[in-house]
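Structures are listed in the sections that come next.
Next come two complexes built around subunit A: one with subunit B, the other with subunit C.
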Partner chain A sequence: MEYPEIDRYASLKSPIHQFDPRAKIISFSILIFFVVFVNELDIAVINLFFSFILIFISKLPIKFVLNRIKWVLLFVLPFLIIMPFTAGGSELMTIDGIKMTYEGLVLGMLIVLRATSAVMLILTMLATMRFDTTIKALYMLNVPGLLIQMLMFTYRYIFVFLDEFLRMWRAMGSKGFKLKANMYALSMLGNVVGMLIVKSYERADRVYQSMISKGYTGNPKTMVKFNMVAKDYAIAFLLISIAILPYISKVVL
Partner chain B sequence: MTQEAISIRSLNYSYPDGTKALEDVTIKVESGEKVVIIGPNGAGKTTLFLHLNGTIRSLEDNVNVFGKNIGRMATEERIKEVGIVFQDPDDQLFMPTIFDDVAFGPINMGLDEGEVERRVKKALATVGLLGYEDRVPHHMSYGQKKKAALASVLSMEPRILVLDEPTANLDPRSRVDFIRVINDLNKKEGITIVIAMHDVNALPELSDRVYVLNRRVVAEGSPRKIFSDISLLKENNLEAPEVFNLFKVLRCFGYNCDDLPLSMYEAVDVLTKTIEDGNGHIHLHIHEHTHEEVKKIMYSYNHH
Partner chain C sequence: MHISDGVLSSSVIIVGFVITLVLLMITLRCSMKQSDVKEQIPKLSVMAGAFFVASLIHIPVPPTSVHLILNGLMGVVLGVLSYPAIFIGLTLQAVLFQHGGFTTIGINTMNMGIPALLAYGIFKIGYQKGIPLVLIGAISGGLAVFISVIFLAMSLITTGEEFIDIARLIAITHVPIVIIEAIVTGSVVAFLAKVKPELLPIDMER
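Let's look at the complex of A and B:
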């Protein structure tokens, strides 16, 4: 079984992998913020280019990156076609009496560029450290405990859950069940989902019991040792400057 | 002077849906003892254990650990006394890495970082998982997860260790490792051990005394006493260790010994002794009733 692990390539060595987790989260968050709110097409193109460079520096395999991005593209590419026909503005051309606008086209392109760059940045951030490190870094950054615990348990039990699903699926397969588009197959699928919900509910109960038996009182504490060095401050400063630079240059020029 | 580690007096428990799980259960475990609880599926073993860590609190004052009511103990105090290792390791390794899991208890106890690290190291060394600190549980085998779950309880250094099905689903090597670790903890560190299990072949090595639980306590005594009672075994879906049965059959072939061995170790001792007493020989033969007697024994162990 191939797990959908986001941190499969976390053990590679690159400047981005070695960047302090907390500094990475902060500077990438700022980068993503600026990338998402960009309104000029030329800057959006530069941002996309910059995201590519970061992925290149991080040495993440292209196939891995494309595999994650393709779903996002599938979702946002239609905007490139929809927006020109729906947004108001100056006419670009008319097809069969339907007006295509210049503003719509720009808007569509902006949406695609923003989304792609943002997803690439998120991917670069998450895929270059182990997920447990991400969680601990968030913990160190004083993200609310409830949120951390939700992330932590999701990360821990998604694999257990997947295994459970696969076991049931195989058991059904070995008893001759085939997924077809009929009522029977659908109702069986419903049963499996139902069983999974009951099972995870019961598991949650047992996990809670074992947490209680280890003295859990509401907030999990972990021990983390991160070490910010001058290099980390320098990279963070560089990344944040690159995010802000286009805006400053717009204002100054 | 021996001290009572666990004392449970006439404990009753029904689940909210009405299932009566425990009825008038009285169990006493001395400090330093190894006690095994056996009984069929659904006998209430796991339910009983949930009383020992305060998950289920008895309303009466009848579950005591080292003389103190467990239901009224403060959390930090309770986890120093009793550590429970449940059946499914996936339920107990809930943190992102093995280090975090093993450190979870000690951190909750309020220990300082140095002490937490020392305990994690020691617990992992005990179960043979040093070097696995940074592993994530979903990259480990079932047996390794089982060991890690034990380490996550050992790091709290409890005086009583309670284990639910410790040997289930382990390969032979891991099973032997696990039995050795448990016995070492009992012998070297004086930790009181309480185990629930179905693995009767491993039982003799792990127990000084046995309770047979089937909602109520149906029998109590040494492993030999329990396994000699055939009707007790049949009524509770249990069986005797293979070695014990084999020697019963040998007895029909004229093998002479007083105490039938329960484990391989005992078997070797018994055989050595008989051979030495018989001037280097062992005498077996078939007489007119042998086949009949063997058949009877085979039949009495056949539950089908």
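Let's look at the complex of A and C:
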């Protein structure tokens, strides 16, 4: 297990790092939705290329990006492998009497392309700013305060939880416990999860009470000042128009 | 368990977001009537964190490994607040780890959150009927994942008929997870009943 540090490279310097967080969230979200809804293979390829350029501009290390894409590929690659054989349509070729269809292959490729471009865009959006900046930007975009608070608390507890869990896990491991899919090991796992919940619940309660007594109201306060300048509007406009362009050109042509 | 970006059709994704938004509003308003939600935030965040960390535990089931989901447990412990907690947990998973997708947060929350709400109902009814806590915990845990798998298969099939076979395949591979989840949830519930019963929706008088 490793820490889910999405913002490890938030301190790099690139045009995307300097892009206003609010404008970044809005324009990238629009971009991601359009990339995901594409139904044409050629546009999907262009989108993948475009997301790659954005990653390149953002200067995020390739290793970091590949590590994140890996998870998504693990999920979508089975679609590429299975879809050609199961989807109906015109025959592409037959291997050992199993029919492979053109439609299935196209759909499988579309899924992989869309998923990869989307994850690259998510990375360019979120890995280029600190996570507390992201949360503050969401707050300023009028996301309800309750959700923001829950997001912030949970984000912090993930790290506490991971440490706490790994400590217990190491203790069990050193006493000879091995996790297997049998009744005994699973009920032991249940006890560890239960202990984790009890310990962290008590801690969360304590921390929350002390925060309240120090005047916490639930509104995020960070030192970061946001300042939208003309350049931010221009980049946002550019990104959004790139997202919509294929759709407009389809209507016009 | 969670669908990543780029698989589902736009209509399924939009329906997922609409249902999730409506359910978020209903569940939050519902719990606001019972008590001040702000006081529930630590409990909710901890469970959402547990949900997150638990999904990182891989249990070897040859030939692969599976991970815990714990949406049934969330339902039992958090009640109606399990829906927002699952929403937060899945959002963070998508955002921090790229497990599951960004555009599929709505549909994924729906697929796991509605079974969590059902698990809560089942647990309460079972408890009132006097079924042992371990057993009813296991039933709610297993059933929650089972319903989630059905929802997942349904969201794939409504995307297109081409997905029927892959949905079937996903459903079959989830059978061991249902069993594992039932055992683990049952054992967590038994543990909590012994150590911190106020985390469970049970009367401590009895």
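Structure notes:
Operating definition for what follows: the second predicted complex is superposed on the first by the 219 of 253 C-alpha atoms of A that agree within 3 Å, B and C clash if a C-alpha of one lies under 4 Å from a C-alpha of the other, contacts with A are read in each partner's own complex, and residues count from 1 in each chain.
The criterion applied here is as follows: contacts are C-beta pairs under 8 Å (C-beta built on N, C-alpha and C of every residue); 3 or more make two chains touch, one makes a residue touch a chain.
Please read these numbers as outputs of a predicted model, since none were measured by experiment.
Of the two partner chains, subunit B and subunit C are each touched by A:155.
Contact with subunit C, but none with subunit B, is seen for A:201 once the two complexes are overlaid on the shared chain. When the two structures are aligned on the shared chain, A:66 is found in touch with neither subunit B nor subunit C.
Of the two partner chains placed by the overlay, only subunit B lies in contact with A:214; subunit C stays clear of it. In the superposition on chain A, contact is made by A:135 with subunit B only, not with subunit C.
When the two complexes are superposed, the chain touching more residues of subunit A, out of subunit B and subunit C, is C. Touch criterion met: A:33 reaches subunit C, while subunit B stays clear of it. Where the contact sets of subunit A with subunit B and with subunit C meet, they give residues 131, 153, 155, 157, 160, 207. By the touch criterion given at the top, residues 3, 130-132, 135-136, 152-153, 155-157, 159-160, 203, 206-207, 209-217, 220-223 of subunit A touch subunit B in their complex. Here subunit A touches subunit C in the complex through residues 1, 4-6, 29, 32-33, 35-37, 68-69, 71-72, 75-76, 78-79, 82-83, 86-88, 103-104, 107, 110-119, 122-123, 126, 131, 146-147, 149-151, 153-155, 157-158, 160-162, 165, 179-181, 183, 186-191, 193-198, 200-201, 204-205, 207-208, 218, going by the rule given at the top.
Those residues of subunit B that touch subunit A in the complex are listed here as 50, 53-55, 75-76, 78-79, 82-84, 86, 88, 90-97, 100, 103-105, 107-109, 113, 116-117, 136-138, 152-153, 156. Residues 3-7, 10, 13, 28, 37-38, 41-50, 52-54, 56-57, 59-61, 68, 70, 73, 77, 84-85, 87-89, 91-92, 94-99, 101-103, 160-162, 164-166, 169, 176, 180, 183-188, 190-192, 195-196, 199 of subunit C touch subunit A in their complex.
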